[in-house]
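Each of the two complexes below includes chain A, the first together with chain B, the second together with chain C.
Here is the complex of A and B:
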């Protein structure tokens, strides 16, 4: 398998699989709550319906409102392509390391947040205000977690992280702490319970949904697909760092195929775990976010400090 | 280009500035002069830019070219020197100056008294050019004072408003304090022999005590001009008070000249740097960054938001510079070079996007007549060209790919990661703190600029002035477009500006010249265009071009696919707003309400932010009121007590004015005796 082909596969497959993952999470949650739940393929049907429908724009919506869903989706898509999902080779590093991935997600957040303010409704303002708050709280925790990981593997590039951790660095407390921090950041950034509820219908508790209330038709479809891709992205990110086994290191078809199967398995496990977690916990008040994300920051700082101490003792 | 040519260019440009200042005094009577004078100022700055670029790209080695002018103090004369570091800052200053002069053509076309700006404006530019060129303390301080006083005059341009007069007073006081501190630093470094030329200071190795004294004085003097906390208090008052193109220069260029003074002083003049200078500077820088970003989020005046964001960026630059000094002191020239490149690149980038944003705020002020965010809104429909240009600035300053702000912050983060290899454990354990603060600052800055753009340009107009805003003149748009284009270009091809910066940093971080390793692409010319690779290989790389082209391509694919499957044209309808749209624009979120959660979370601790709701008793028809207060910790803990103490002391001393003549005579006699005793004891 050649590298360009592999790149295309790495771009297309995550975007194609993302709705399935969301469908799985919804299905498992429904089963846990004693409902039958919609089919696994329901997200695809929803997207197809949205794409077909005529988009309605508010009278004073600007070009930014129309363009933001595409820009945000492209930023997440590009970030996704830089994560070693089922195959990893040096040429596919793309020159985008973990800081750049965090930055691209930041770009997506900025575009969505701006779009939330474009029409000038109060709900859009609520969503934007809360979204930038979550971002400001989550980013330091993410960055310190990156420091802790980079200290272990001596690089911020994900293919390197994945490779070094695959070769084994032993069991480390810092890794567990960094995992905790990244998982908490991921839950905040993907808008899951306890920070945000993707299934909420009460506007006052919305964060992400409030920002995109004015969207319809294909614009809404892009927003929804972007949110699904973001969930896939964070699960893949966690998988490629903390469960780095089975990623194809060389571009031969068999390794790629088994890597693909394993990656889908990892996503499924992550999705089920997320569904179980979400059904056992309640959503938080907005002003308790700092506690949740402060804990993430504390985890990552502790992770970094423990590493210093272990280096110091060596 | 040979040395002679550069000095000719510099001489011509500086002479033009002086001539322009004289001509500028006449513009109140002859308004036709305004446009040609700004055009000439732009031209002179362009000449300076060419001279500086010539020095920067002259050859692979960093050229040092010197001139001795027969003016100045009799036994010192005036030494000038053009080396890599000076050239970098001349480039930063003059790019902003060209844009500001161009912008001034449109901005100052209708002011009642243009001479108030046009007379000091060329002197301000001249001062900012002299400081990097100076090679002795005297010339340096002359340039420095020109810069301070000329900008002070322009802060006073709107002297009919009380807050501008207060801003100017605070600014003048801090500028005087800063100059005094610099004077002390140079005095300490010159020593008893009076070697005031920088060459003499370089040749001498001061004792550790003297060096520390000089370093701290430099930190106070240059740090107060740059806006490092807690000496930043003048900046958010003075920068917004000046006309917008001057605000842009003060934020984009003048603070960089102060950073230059820190670099030149701490890395070259004060002898071998000690690691804790760097540690101190890095911690102060990180705290400044977080404090500035947080405060910019609480302001509702467009230009004050930008001024606080300048404080944030200066903090980031200072943090990187501090790390560079710490690395240099602990004998890690490679890492020191990387951190210095990060500081230089961020200084360059901030000069671009902050000037752009101040121009944008000026355009909003020009077309709506207000700086109050809560009276704006919906300008994206009225200022069709300004809006996308300001958006470029907002995304660049938010440090997200693919723009230049991310490229330099990426380098800063890489330096912070490198700081884990420092030997001093105190600094090592501080590194996560510095990293967290810088990351927090970046995230808060992003939030602040979402708020800035969202309130001013998006939504519905909150005021008639915003609803009837008109697009600004082509000269102003051209200035903004030029800077936005540079932001985009430096974001997509960071390797281009980084190549000369890396050379300069290698020379400055390692004077022996052993560090010839390029930080870009491992010395391979092909990858220099593609990626920034600080560790000399491509394992930790950021490719601006991949980010820019990738985003463009993927956006194109997404738009193409979406319109392919959908096909239906968008229809316009009333806003949904959950079924209850309210036509009153006051139902929108305001600048204060967007920032409220973050103000409450962080501000309640740092800024003592309090929201008080006064609810009238049941049955009372009075409206409820919400009072929201914040305070700057620097004012509360440092300056207010200081001012109170000075006032008390002056009242005491005031009594000395009303004594009888015999008391004065006896006081003088006592002073004489006292001095004689001191002389006797000292002998």
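Here is the complex of A and C:
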């Protein structure tokens, strides 16, 4: 397999698999609650229905409102292409490192936030304010976790990180702390319980849903697909750093195929774990977000401190 | 010391400190007691690991003392006290969790910066253990300052003592008598605290230690 072909596969497959992952999470959650739940393919049908429908726009909606779903999706898609999912080589992903990925996700957030305030409804405003609060709290934790990881592997590029961790770096408590921090940040960023409930339309608790309440038709479809892709992105990110086994290092067809199967398996395990976790925990009050994300920040700071000690002394 | 042995010792020491931070995060009494019990259990594991790698048999006794007294007996006693006194299980904070966490990070950074230059020339593990131990020993009093509940005072006290034992585990030639008497004094202190709880509870109908200020008879208002 040649690199350009691999790049295309790396771009298309995650976007194609993302609705299936969301369907899996919904299905498992429903089964855990004693319901049969919708079919695994339901998100695809929802997206197809939304793509067929005509978008309804507010009279005062600007070009920003219309462009934001596409811009945010494009930023997320680009970030996704830089993550070694099933195959990894230095030329893939345009050389984007973890800081660039965090920046692209930030760009997507800014675009959605601006669009949320564009029409001027109070719901968009409240959702935006909460989303930006979460972002402001989550990003420092994410960056310090990146620094802690970079101290271990001496690189911020994901292919290097995944390779070094695959070769093994010994028993590191900092890795566990960084994993804790990144998982907590991922839960906040993808809008899962306990931070946000993706299934609710109750005014008091909505965050992401409130921000995109004004969207309809194909715009809403892009927003929804973007949210699904973001979930896939974070799960793949966690998998490629902390479970780096089975990622194809050479471009031969058999390695890529087994890497693909393993990656799908990792996503499924992550999705089931997420569903179980969400079923067992209650949504957090908005005023407790700083504590939750403060704990994530604390984990990453502690990880960096422990690394400082153990590396500084050697 | 081989790489893996050091890594495991580093892991256990860091885990003790991380559990100290988990203690600062707790809002419920019973959860805080469970965390401090877990900290004592990890401490026992750290001591046992030191005993294996350094071939020092007396550290097994330290581990056993930590496990039996601090991970099992005292937490059970505290749980029994909570049930017996029928007190509310939420912890009132004198100041917020986020501020406490920030102070905790500051305190541990300070102790690391203090210990590392002081112990230059010692073995790697000793320096690291002492840095973690000082941080744990300082976070205990921080917890006692930051929370108003009397039961949390005992929990903070025990956590501080865990830090002292962690330091003792790393140092060569700490006599067993000292460790045994420290463990015993913690046990006695817990009993005294327990009696004290009953009295505060009887007098004020609450375990909020800030109420004790009312008892300063001579204070002019």
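Here is the rule we use: the second predicted complex is superposed on the first by the 313 of 314 C-alpha atoms of A that agree within 3 Å, B and C clash if a C-alpha of one lies under 4 Å from a C-alpha of the other, contacts with A are read in each partner's own complex, and residues count from 1 in each chain.
What we mean here is this: contacts are C-beta pairs under 8 Å (C-beta built on N, C-alpha and C of every residue); 3 or more make two chains touch, one makes a residue touch a chain.
Just so it is clear, the structure is predicted and the values come from calculations on it, not from any experiment.
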Should A:301 be classified as contacting the first partner (chain B), the second (chain C), both, or neither? both
Once chain A of both complexes is superposed, is A:24 in touch with chain B (first), chain C (second), both, or neither? neither
Which partner, chain B or chain C, touches more chain A residues: B
Just to be sure I read the superposition right, which of the two partners does A:186 touch: chain B = first, chain C = second, or both, or neither? neither
Would you sort A:83 into first (chain B), second (chain C), both or neither based on which partner it touches? neither
Partner chain in contact with A:71 - chain B first, chain C second, else both or neither: first
Contact-wise, after the overlay, does A:217 reach chain B, chain C, both or neither (first, second, both, neither)? first
Quick one: is A:96 in contact with chain B, with chain C, with both, or with neither? Answer first, second, both or neither. first
After superposition on chain A, the chain A residues reached by both chain B and chain C are 290, 301, 305, 308, 312
Listed in rising order, the residues of chain A that touch chain C in the complex are 170-174, 177, 290-291, 294-295, 298, 301-302, 305-306, 308-310, 312-314
Contacting residues of chain C [partner chain A, same complex]: 3-4, 7-8, 10-11, 14-15, 17-18, 21, 25, 97-98, 101, 104-105, 108-109, 112, 116, 124, 127-128, 131
Touching chain B in the complex, chain A uses residues 11, 48, 51-64, 66, 70-71, 73-75, 77-78, 81, 90, 93-97, 99-100, 103-104, 106-107, 109-110, 113-114, 116-126, 128-130, 132-133, 135-140, 142-144, 147, 150-151, 155-157, 160, 203, 213-214, 216-218, 221-222, 286-287, 289-290, 297, 301, 304-305, 308, 312
Considering the complex alone, what residue numbers of chain B touch chain A? 377-378, 380-381, 391, 395, 398-401, 406, 410, 413-414, 416-417, 420, 425, 428-429, 431-432, 435-437, 439-440, 442-444, 446-447, 449-451, 453-455, 458-460, 530-531, 535, 538-543, 545-547, 550-551, 554-555, 557-559, 562-563, 565-566, 568-578, 581-582, 585, 587-589, 593-598, 600-601
